[in-house]
Amino acid sequence: MKRKSTNFKKWTVLLVVLLAATVMFIGCGEEDADNPTVTVASKPWTEQLILGNMLIDIFEHHDIPVEDRLGLGESDVIRPALHNDEVDIYWEYTGTTLLTLMHHDPVGEADEAYQLVKEWDKEENDVVWLDYSSANNAYVLIMRSEHAEELGIENITDLSEYINEKPGELVLGCNEVFYEREDGIQGLEEDYGFEFGMDNITFLGTGLYYDALREGETDVSEGFGTDGRIPAFDLVIIEDDQNFFPVYNPAPIIRQETLDAYPEIEEYLSELTDLLDHETLMLLNEDVDLNEIEPDIVAEDFLRENGLID
Amino acid sequence: MGVERLIEIMQEQGIQLLQRHLYLVFVSLFFAIVTALPIGILVTRPPFNKKINQILSFLNTAQGIPSLAVIAIFLPIMGVGVRPAIFALSIYALLPIARNTVAAINSLDPDVLEAAKGMGLSKKEILFKVELPLAAPIIVAGIQTATIFTVGTATIAHLIGAGGLGRLIFTGIAMNSPEFILAGSLIAAAIAITLDQLLGYFQMRVRRKFGG
Amino acid sequence: MNELQRIANYFTSNLDRIIGYTLEHLILIVIAIIFSVALWVSIGIALRNHKNMANGVLGVGSFIMSVPSIALYGILISIPGLGLSRQSAVVGLVLYSMLPILRNVYVALNEVDKNILEAAKGMGMSEGQILRKVQLPLALPVILAGVRVATVMMVGIATLAVYIGERNLGVLIEQGLKRSRSDMIIVGALLVTVFVVIIDFFIGWLEKTIISKGIQSDDPSLPGGDL
């Protein structure tokens, strides 16, 4: 008799544990129909993490329930999630949508680009572009400033001429996404009429290419226009004189359904984007990348200093 | 999932990445083997052999260190590129080979060694004519393990600029492209399996020859 | 601030964040282990008398292990229904633990001394009883050894899951790489290493306590010419 009850206990414990595991696994979330949770996503790099944290902080301040899915992935990952209702809002760049989704020609004027994507996304995907920031976080090509000076390279046309004269001398550092995207290196090479060549490209994880450039492991590199490491590492932007790259103004894009549930979001975020000009965004990025402050703290401090949250 | 696109990727980029991947794997295995064997043998000799169990335990646990940690830690030490990756991969591959060397030699029948000593063989002769041959099958098994580990870990070496098939996989994840992911995964799995089979066959031959 | 100070500083300033990551790491592993043990032990038991099928299934497990873990994750997230979620991470971990656990279950159940089995049959025990009261208890040391190997492996593979959306200790390394932060990389690498060691010791301790002295395995990690 005693043995039976011990066995029974063992099985019950096992069952409970299994159940607990399943629950943890599937996750119990009771959705309140009147106050649906807003799922905030972002790409896994500094500026996106800062901006994404700002969204979360602002929503929480206004008692909007949020789910944090920051760092989910790049555009190609977040977009389908947005269209699938798995993600409700994230910061996207006008140029990115313009070129990689709409396959449109590059547009260099902020408002024009914005209106194009806004209209397209509303019609195609029922996604709303809220107010955009005047910061232009464009893809840029960068070099060490003394090296660029030494070789007399000021713009990409200079670079293309140099490479055509002396192929194989300069090494490009970039990540795999920059290589494969429509608005990446291959498109640029085609437009400007030159080619680095696969042997002269070193693929590095996002962010690592700044160090590699500084250390001399690469000669030319991919970069983000608002990255504080460019001035800090004594790097210089090689001007896109033939305007291959479009403008990349960040704006929060949100599912219409979510906006309908919380129309006030538009106003809250408009307040925010008004404050986010190019300089400011650069400084915020620097706080993370150079001053070693965590993105969520940078976001919170900024919002607090500007009275958007308390 | 576009099969044509998959094949296209494999042809255009896969081959070149494969070359780099194999380079990383073979060079690292080479360094791992030439360091692990002497170290393993040394551990079975006094004064180290007093601590054999602790050392074995350490080698076992050390193999559990996440590959991402091993690769990434060489970035602050050596920077980006192939060299830090090879260092990292070599150290990682060293562990199972050393472990198996130690365990194999340590588990040899002491009577056999006594007999060899009795026959007048020198220490060096015992090592090369008795211990190593008998331990060979298990050592080769360790190399097998190390090879599969290394092929897998080399995919992460992409993150510190070493190149290799990892690029296809990370591109696939970033760009939500199953074709890229599969291109990288299939080629990597194919090398791993091929090398594993080759080494398995080699191990069998070694076992037959030395009667392990 | 020299490097050592930076590292110590990062650790102390971000302790709560680090604890959060550690918990996420632990939760993921616990979930995966529970599913793995339930699944692979059951299958191992079911296959114990079917050598050919067992070899086939183990072959699949072996194949899975030759796929680099990041590749396996990549494949799993491409499967509709799984996507970028904890489910994919768990499935990946469970698949990876197949070989160590299943193989140990099968081998252990089959290595029980034939004499003991004969004796049990002689005593009138049914097959089910023999399994529960004789085979499994005797196989426990080796099974636990397999679970230990699997768990230790999982710590490492779970670290990589940050590339498919998990937020555990791997984040320190992943973000450290993106932000050129050697301090984060080193803290992350050290922490996951410590984590591995603790888990290894913990299960080692469990092995000693749970398994009665009489049947403790000498060196369950001794290479058997295969892995």
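All chains are identified by letter, namely A, B and C, in their written order; residue positions are counted from 1 within each chain.
The working rule: a residue touches a chain if its C-beta (ideal position, glycine included) is under 8 Å from a C-beta of that chain, and two chains touch if they have at least 3 such contacts.
Only a predicted model underlies this, so the values are computations on that prediction, with no experimental measurement involved.
Touching chain A and chain B at once are the following chains: C. The interface with the greater count of contacting C-beta pairs, when B-C is set against A-C, is B-C.
A centroid comparison over C-alpha atoms places B as the chain most distant from chain A. Separation between the centroids of chain A and chain C, computed from CA atoms only, is 34 Å. Spacing of chain B relative to chain C, judged by their CA centroids, is 20 angstrom. Touching two or more other chains at once are residues 75, 159-160, 170, 173 of chain B.
Residues of chain A found to touch two or more other chains are 73, 77, 205, 208, 211. Shown for chain C are the residues that touch two or more other chains, namely 174, 177.
Of all residues in chain B, those touching chain A in their complex are 16, 75, 79-81, 158-161, 163, 167, 170-171, 173-177. Taken in their complex, chain A has these residues touching chain C: 17-18, 21, 24-25, 27, 44-46, 69, 71-73, 77, 81, 86, 205-208, 210-211, 229, 288-289, 292, 294. Chain contact summary for the complex, chain B toward chain C: residues 1, 56, 60-61, 64-70, 72-73, 75-76, 96, 99-100, 103-104, 107, 137-138, 141-142, 144-145, 148, 151-156, 159-160, 166, 169-170, 172-173, 178, 181-182, 184-185, 188-189, 192-193, 196, 203, 207, 212.
Those residues of chain C lying in contact with chain B across their complex are 3, 63, 65-75, 77-78, 152-153, 155-157, 159-160, 163-164, 170, 173-174, 176-177, 182, 185-186, 188-189, 192-193, 196-197, 200, 219, 221-223, 225-227.
Note for the complex: chain A touches chain B at residues 73-74, 76-77, 80, 173, 175-177, 179-181, 198, 202-205, 208, 211-212, 215, 217.
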